[in-house]
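For reference, the structure I am asking about is given below.
A, B, C and D label the chains in the order they appear, each numbered from 1.
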Amino acid sequence: MSKPLRVTVWNEFHHEKTNKDIKKLYPKGMHEQIAQYLRGLEGVEARTATLDEPEHGLTDEVLAATDVLTWWGHMAHHEVRDEIVDKVQQRVLEGMGLIVLHSGHYSKIFRKLMGTSCSLKWREIGERERLWVIEPGHPIVEGLEKEYFEIPAVEMYGERFDIPAPDTLVLISWFQGGEVFRSGCCYHRGKGKVFYFRPGHESLPIYYHEDVLRIIGNACRWAAPLCSAPAITWDNVQPLEEVRK
Amino acid sequence: MSKPLRVTVWNEFHHEKTNKDIKKLYPKGMHEQIAQYLRGLEGVEARTATLDEPEHGLTDEVLAATDVLTWWGHMAHHEVRDEIVDKVQQRVLEGMGLIVLHSGHYSKIFRKLMGTSCSLKWREIGERERLWVIEPGHPIVEGLEKEYFEIPAVEMYGERFDIPAPDTLVLISWFQGGEVFRSGCCYHRGKGKVFYFRPGHESLPIYYHEDVLRIIGNACRWAAPLCSAPAITWDNVQPLEEVRK
Amino acid sequence: MSKPLRVTVWNEFHHEKTNKDIKKLYPKGMHEQIAQYLRGLEGVEARTATLDEPEHGLTDEVLAATDVLTWWGHMAHHEVRDEIVDKVQQRVLEGMGLIVLHSGHYSKIFRKLMGTSCSLKWREIGERERLWVIEPGHPIVEGLEKEYFEIPAVEMYGERFDIPAPDTLVLISWFQGGEVFRSGCCYHRGKGKVFYFRPGHESLPIYYHEDVLRIIGNACRWAAPLCSAPAITWDNVQPLEEVRK
Amino acid sequence: MSKPLRVTVWNEFHHEKTNKDIKKLYPKGMHEQIAQYLRGLEGVEARTATLDEPEHGLTDEVLAATDVLTWWGHMAHHEVRDEIVDKVQQRVLEGMGLIVLHSGHYSKIFRKLMGTSCSLKWREIGERERLWVIEPGHPIVEGLEKEYFEIPAVEMYGERFDIPAPDTLVLISWFQGGEVFRSGCCYHRGKGKVFYFRPGHESLPIYYHEDVLRIIGNACRWAAPLCSAPAITWDNVQPLEEVRK
């Protein structure tokens, strides 16, 4: 437990470069805002990676040295190269944690791991969201004071969210305009753990929200790979017991 | 409920054409053996489709007229064209049932819907398997007399089976050589229902086994699409409530 | 499938006798309103039973002849005798379906089957509820036209609802006052199937709502026991395989 | 994280006092053997409590100072007083972890929390058991070298195990005599986490088995309550949003 948790915060990082208001909100990009929060947590190391870097910043070396990867993408999902997506999937199945944020629901990696369309409803009028804790003993809600928290202005995501039913449903959102959403969804996939977390938007200060950051931090800890997971044998095997007919 | 359930039984249908012993066992192919059983069930219609037919027998017309598709493949998974796989996935998400049999665990369509490697252990020495009912109130075990059934000689599949935890686990297998396996696994994916069922092998008379056939029949009924499912709206939507700030 | 589904609609039936307005709304009691709907469904027979009848109307004969029991109680949960609750639990574990309605969340039978407090938040100001379909391929939502339905004035129930996570979550409610709720929850318990369904209130015409009734009817069909479930052996058993050391 | 995890190891502690051979095997009782192991883990404190102590050793003070309770009982389940069982249940719902061992499947507390009979098959001929890891990324299997471990001679427990489907199924057992069993089952109940773990027997040295002990230790860590869980409000609440009609 004394080894640091190594998080790589991945961001598409286009909006922040092409839109003045967004740049003002996240001058170094959303990834730096999230990484800075994580760096303040005991035992956590955070680096960043972005789409326009070589191999999207996700070289074999980086992936091998990543315990948990967080993912934010939106307008350029299609620019993410398939072979990088395959490598990320492989790493998740081997044990790397993956935290998918907001519009990352439509990323290649999330859709690939879910096997469904991951479609949903959306609306961008800056309405209020209230996220309710559904599983109050889950480590991802550690340290929340209340059983809900509010975000004053958000892009709405509404059900039907076309995902497999989560292994554990931690949060459900209420929206002013009349919708609900499964906003905190835990999955085991292979040896890896995946958490989808709804909040976030390029043009709103959501990654400055204390409870949103707290949950991202908790999720990184929850999704950490085992220090030592049992080795698995695949394919053709010899019997462990004598087989007589 | 008066409309017939339209099942399409898909088979790779290579083994039965290239191996004499297998041909003797399943003279018209495993698909015909399964389809013949299904045709004997009240309210069920069954057609077949195979890999070497144009579009693998899965034209848009066939898929549109299929309520439940059963899938057996083994040596030629890679020959299944990706655009057909994409269409099948789309139809499942729209509500078509899918029953994946035995070595179909490694089919493109199953791996795509699961999002994991679907790897497992295997061994082919003709050992005994005993399938235990874990959820005895589930419609898929309707009509089984006992809480387990045995198959005298099988190809073994052993855990770790790299799948998402099923929504409902119905059967667990015991093998003589010392392994266990989640042999009956139910999933909701989109509006569709998916059932993975382990038994089956090209060179063994497993699709003549009364309980195996019974479960395939039950699974087809369980996986039937709704007669009338709620319509879903995706993407950008107007608020259902007045939003005031 | 040709045997009728035998439903017993249980109601506390106190409110309707002691309050004029409620009596006006449900002149024969909520149970008769629900039973009348069920009797209109093909292949369904419905009888009723109420608290003040001998053995609460749930004699051994009635329970033995009940495939699915629906339960509405509120002010007199404590008057339900423990030995009757034990018998109902036993019948559920043997395969009888149980549909728990609205304030039945606090009934002895539901709490006993869940193992938790089944506590929740509530408020009675006649606000609007919108129930969203979360699992659109589930038979309980068969025939709903839209992916949500609204009830104009309800008693609100809000999360945290202290229940085990449902095996399948079918509906989530949105409330005008800012809460959410898991309103349609499926469970397997023993050989029986249990469905909790939130809508209903003694002083509101909720059991006249077309979609509410439809879901109750669908839930009865879903919760039906198997025609022939596998027999289970408990306790001390002989080995099925030779055990050598 | 710097606060120690306070485990109370509860044992019926009758067998060890009444049977010479068992006394020889566990001279201070199974509880001391388990507690001694736990005391060797970093950050873990373990005390013990037994049936014949006043209030079964589970006074309000002890329960209040217990983060995780482990439970072993067998011949004297009925001697556990109902009011103590109620207090333990209440503490679990408030967040205390509970690890139920072997014949504890039939304890009042486990049956109460599960809501089912918790019946199973059993046989005592000293056969071999092999426990397979089904969820290799789960923290409860941290540090296991292989994907299975064997216990050379056990009392067999076989399916059907009449429990609710676990939230996460971590281990499945294979038995020489032909049965299988869900041997490691995780549940959320209220704010508490519950783990059922099959191995253990009064007359066999199972609590000296390295992997069995390791899993008990891991389960205690997994079941630890949150340091600070969100506060929950029950019952009648005011709206959080303006409700206009």
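We adopt the following convention: a contact is a pair of C-beta atoms (placed from the backbone, for glycine too) under 8 Å apart; a residue touches a chain by one contact, two chains touch by 3 or more.
Predicted model, so just to flag it, every value in this text is computed and none were measured.
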{"item": "Selected interface, A-C versus C-D, where C-beta contact pairs are more numerous", "value": "C-D"}
{"item": "From chain C, the most remote chain by mean C-alpha position", "value": "A"}
{"item": "Inter-chain centre distance, chain C versus chain D - centres from mean C-alpha coordinates, in Å", "value": "31"}
{"item": "Distance from the mean Cα position of chain C to that of chain A, given in whole angstrom", "value": "37"}
{"item": "Contacts with 2+ other chains: residues of chain D", "value": "130, 133, 135-136, 147, 158, 160, 165, 167-168, 176, 178-179, 188, 190, 232-233, 240-241"}
{"item": "Residues on chain D engaged by chain C in the complex (per definition of touch)", "value": "89, 93, 112-117, 119-123, 125-127, 153, 156, 158, 160, 162, 164-165, 167, 176-179, 187-190, 232-241, 243, 245"}
{"item": "In the complex, chain A residues that touch chain C", "value": "130, 132-136, 147, 158-160, 165, 168-169, 172-175, 178-180, 182"}
{"item": "Of chain C, residues touching chain B in the complex", "value": "1, 42, 95, 130, 133, 135-139, 141-147, 167-168, 176, 188, 190-193, 225-233, 240-241"}
